[in-house]
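Scroll down for the structure; my scribbles are underneath it.
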């Protein structure tokens, strides 16, 4: 038993994921304690899976998509600040195209709207990548440009209005519908997750990415197309952001160029880091990112469930992120847990609290 | 960047070698002048000296946080908490003076101590627990925005507090704006003083050179026996202090506190620092570059204000395009400069 | 016998998965020059790092001047009088030479650094060592060798009672080595500094050291006075096997036939402004061409152009009968040109990736990302090369940054041998490599060329160049001045003469 | 200072040049407001040019814009302030330069009253009170009256005032009510929906009679959350929204909204009249209210075609 545990812990992926998983479990436990077991246990009503946790997953789908793309970008030592704006652009293009059409229910129109939005956001992503790879501009600056201009572009598309798609349009199914009782956004996010995991771990793409992020010059000399890979990664990130925007727009049936996906880049980066990927590039952990996203998603509900007013949103989030960040630090664990090593019965969480109180 | 140094092996070194690090800042300054004269040529009244003075008035708090950010970025870190720390500081000034009735100079001192202490705490967490700066300071971003909202969810005036009148007290030069001169308030001088002190500290003290060394290669700095812990924590202390000082300046500037103020200020500061030619990877850059970066940022906004006929979205797009053009030009100048040197 | 200045007893140091030091004792006496010897990965650098507070040891005791000490940072060790030059050059490239020399000890006026005084002091310091650099230029504008000299100058200037030099000579050429050894003698004589010296060059060790401590696999083998330990015995202690194997290399290498056909590689007027003057160079199949020259003579630049690492701005290159256009590292690898760069840390390895991943990197890059190397094939070739090159520890899943320097070099070599290139370019492949491994690598080069592979070989050690090469290109001042072809010309003396004469000595 | 009258920046005609510092473009309401002002200025012969600046919800940007207008020597400055406090200095600078200031939409703190000529805009507290009046009448007799509230951006003036006005009326009228929960939806549909979903999972909808949403967008987001939970908005739970956009009225027509308090953005023409009057020396009242209405279910259908945004 102990042996098996040790073996699991020796695996570096497992070690990375242990603390975030723990924090997530604690959050879930808190919610269960407050609202009952229904929090986690979904039920089927009206042919759709519902329940608090399913809702959290469904609402987290756009963030997950963006965070996955962000993970790949961060693996190359980059960062993409423009994802929130790209989200808005994707949403704006899709909604505007649909309301400009005559029959908002026509499959062809919806297909076209989705396609145009995705192509546009992929192009934007590739543009970011080109700036970084070929013009040698620092990623934070390269993407800051679109972070500033992107929402302007989205507003330009919608003429400053908030285009509303008819509720009857099948487009809204992307955000509200369900397949086999499971909400469509969850399907999409899961599919993208699976695709990216396969793409990076079943092919050599993941390793090449990590090489480019870990040592760009060495990678170049080893014959890796590091520029091409960089562009690809930003393109995927843009595409993910666009897809997230589509889901968001479909969910609401409208596109808000100004507020859609506002500050989502910070949450995405947060999720990536909570998941164990270093902002310095190199190793990346898609599963960790997914867990990070669910933590962030659960946090919002937890605050409401335990009856705190919304001024607490930021504060509680800060505290939880701080706890995760500290738990992930081996130095911190050594410092806090060492005195207790000989007395394993001591409560591990208590000293962590003390540090926070400081 | 490493590509540059590795593939562009310079010929036997000349005096010129030492100059290459001035290329990005040189390019920034040249483009800054181009922007200014572009404005003068195109808009009436753009040549008023007050236009330049306004850059120092409107951007004084930004300038101060950008200076702090320069230290952090030079050391290879980043500080995302500055916007929230600033808002929290302003709010605390208002709350402690107006609601708690404490004396204003005491409050200002307390706020500055708080900022410094926060920097110390987060610097220690970053250094001793090896938490990534981005995340550690992101905690600060959320935390202080949250605490600010806990203090008050609406804006608060501190116009009744005499002490805060001081900041906008001003000096008139050349007869002030009426006679074609300009005016500049004390808080602008405070910001300029911060730049000057930072310049001296960064370039002429061991701490400052240590910041460059740590940013260049932390492991090496450690093996060279430099005080890495002190330096790394020190930059966050500087940044925390600057953020709280900027908060105080903001209190001076408006005599009011707003819990939603300065959202995203950290990004403005980072942008200004990077536009000023400092590398985000650390170890290369100048605080005067940051000054130039803040001026560019302000000047781009001024140009849009003078243009005056852009819709909200066109204003954003134009800002993005101007920034893009600026960065590409800067990059191009820097590259051709690097080539010429061989 | 005087009391010990530094005494380390029962030192144990564990890294995750590796016990790097296992109960090692080490004693340094005042005024002596003491060598620490051992294979790559034996634990020499770790011992130094434990002593100077880079790593905390897990057991054991350190006494300095008879008092127990435990430094928590290199700065603390420095303050206590221990100056160290670590193995990999550890300076900050973004600062100027002068700042690197005097960081932490800058001359000041009040609280402010006095830059003029600092430059003056730095200049004097370098002049004293016979190094001519622009002290105001950023360190990054100088080669590793120059940086190593700067690091040494920095440590010497600290005026410590203990000076530790971990492979200071690995990238220096003979003149610089002579200067350094002279300096060490002077310090011992004039200041009575005790010194720890680590080097894989046995002749240097025998030249300068009074005593030596030998480590093997993290364990202490023993301590001897240099005079009591003949070279062959030392090698035996280091490798734990008989040294005879080394001798037999001597001329197994020599005299193999090079097919007299059209050259595999032919450079015509290839050059790059500001880095290397246009040159002509041919390499045939099965031939080893050595590049010889002093520091900064342009050997690295020469091979980087051929490898596609830098873009040439004049001349042309043909390879395997075809003219090469659009040359870059990727297309070069596709054509069959492999390039092991000289600076393995910054240009060679990806530190966070594992040994296995670093090995297959070039092979995978050549196949493209979509065609993964099957797991079984991958495991097989990795295991094969770990075995063939004797990489230790032999764990393919260990991050490569945790390997000792010599083993890292072998991983890099394995990467390129895996793609079975037609031309292998090795820039300083034996730098920092122990005698055993060095012999292995030399043997490998001989074998590979025997099998028909062409090799371009850069090394600061002229012996090695003459021993391995079929032809030698001599460089000076960034210009290829002569190619030595005849058996008679292939001696160290001829090369030195050629360099001194500045070419045209036919 | 010396520039006044018609020699502003315009070049062309000899009309007035006006600087307008807008809050931002954070909502459809705001965009409609900007458009109304810009269109009105363009159509107005008396006005040569309107210098428009988007403050991106940042007071410092707005203050910078006003300083820039002073430098450009415009004839009058219109500010839609993002917050109420902190305007003293810049307003003083404007008045020193002899440029009159008119406030649009939101106001500034009372102590600064001498520094602007007049404010034209909505009264958020009054809006909250209108909503409260209707709620008080409608649910006067409901036993165990339960309310959910979706507030605007925490800390913003409309959020504060619409909340205050609403509950002040309920309290004044002695209505017994329980505020089950009140969370922000940040004035956006996205967060409005998310918050409503959480309300539903946490509290359920049974026994809750009223949802008060501080604007249309959040209300529309909440309506979707309610529909998705299988309940009928407007019937199972009654809904009040503030703003009155096209989409809001459409929802009203569809029976999903029960009461709309208008917050009218289209006061461009009214604003131009006031500004020109001020430049030409007129001294209007300190507060000029924008014409706004309240709409019950029977008026939705008729009003829908009149909606501008």
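Chains here go by letter, A, B, C and D, matching the order in which they are written, and residues are numbered from 1 within each.
Here, a contact is a pair of C-beta atoms (placed from the backbone, for glycine too) under 8 Å apart; a residue touches a chain by one contact, two chains touch by 3 or more.
Worth saying up front: this structure is predicted, and the values here are computed from it rather than measured.
Colleague: Enumerate, in label order, the chains that touch chain A and chain D alike.
Modeller: In this structure, the chains that contact chain D and also chain A are B.
Colleague: Could you see whether A-C or A-B has the larger number of C-beta contact pairs?
Modeller: A-B
Colleague: I'd like the Å distance between the centres of chain B and chain C, where a centre is the mean of that chain's Cα atoms.
Modeller: Their C-alpha centroids are separated by 43 Å.
Colleague: Please work out the Cα centroid separation of chain A and chain B, and write it as a whole number of Å.
Modeller: Centre-to-centre distance between chain A and chain B: 30 Å.
Colleague: Just curious, how far off is chain D from chain C if you go by their C-alpha centres, in Å?
Modeller: Centre separation, chain C to chain D: 71 Å.
Colleague: Find every residue in chain C that makes contact with two or more other chains and list them.
Modeller: As it turns out, chain C has residues touching two or more other chains at 309, 346-347.
Colleague: Scan chain B for residues touching two or more other chains and write them down.
Modeller: If we look for residues of chain B contacting two or more partner chains, we find 2, 6, 149, 153, 311-313, 315-316.
Colleague: Listing for chain A: what residues touch at least two other chains?
Modeller: 155, 160, 217, 220, 311
Colleague: What chain-chain pairs meet the touch criterion?
Modeller: Pairwise, the chains that meet the contact rule are A-B, A-C, A-D, B-C, B-D.
Colleague: Under the definition above, what is the set of chain B residues touching chain A in their complex?
Modeller: Against chain A, chain B makes touches at 2-3, 6, 121, 125, 128-132, 134-136, 138-143, 145-147, 149-150, 153, 267, 270-271, 274-275, 279-281, 311-317, 319-321, 323-324, 327-328, 331, 335.
Colleague: Any idea which chain C residues touch chain B in the complex?
Modeller: 54, 73-75, 77-79, 84, 86, 90-96, 99-100, 103-104, 106, 108, 111-113, 133-134, 136-138, 140-143, 154, 273-275, 296, 300-301, 309-310, 346-347, 478
Colleague: Please name which positions on chain B make contact with chain C in the complex.
Modeller: 2, 5-7, 9-15, 17-18, 20-21, 200, 204-206, 209-210, 212-213, 215-217, 219-229, 283-284, 342
Colleague: Spell out the residues on chain D that touch chain A in their complex, using ranges where they run on.
Modeller: Per the stated touch rule, the residues are 24-28, 31, 34-35, 154, 181-184, 186-191, 193-195, 197-199, 201-202, 217, 220-221, 224, 228-230, 247, 309.
Colleague: Show which residues of chain A lie in contact with chain D when the two form their complex.
Modeller: 35, 45-46, 50-52, 55, 59, 155, 160-162, 164, 176, 248, 251-254, 256, 258-260, 262, 300-301, 304-305, 309-311
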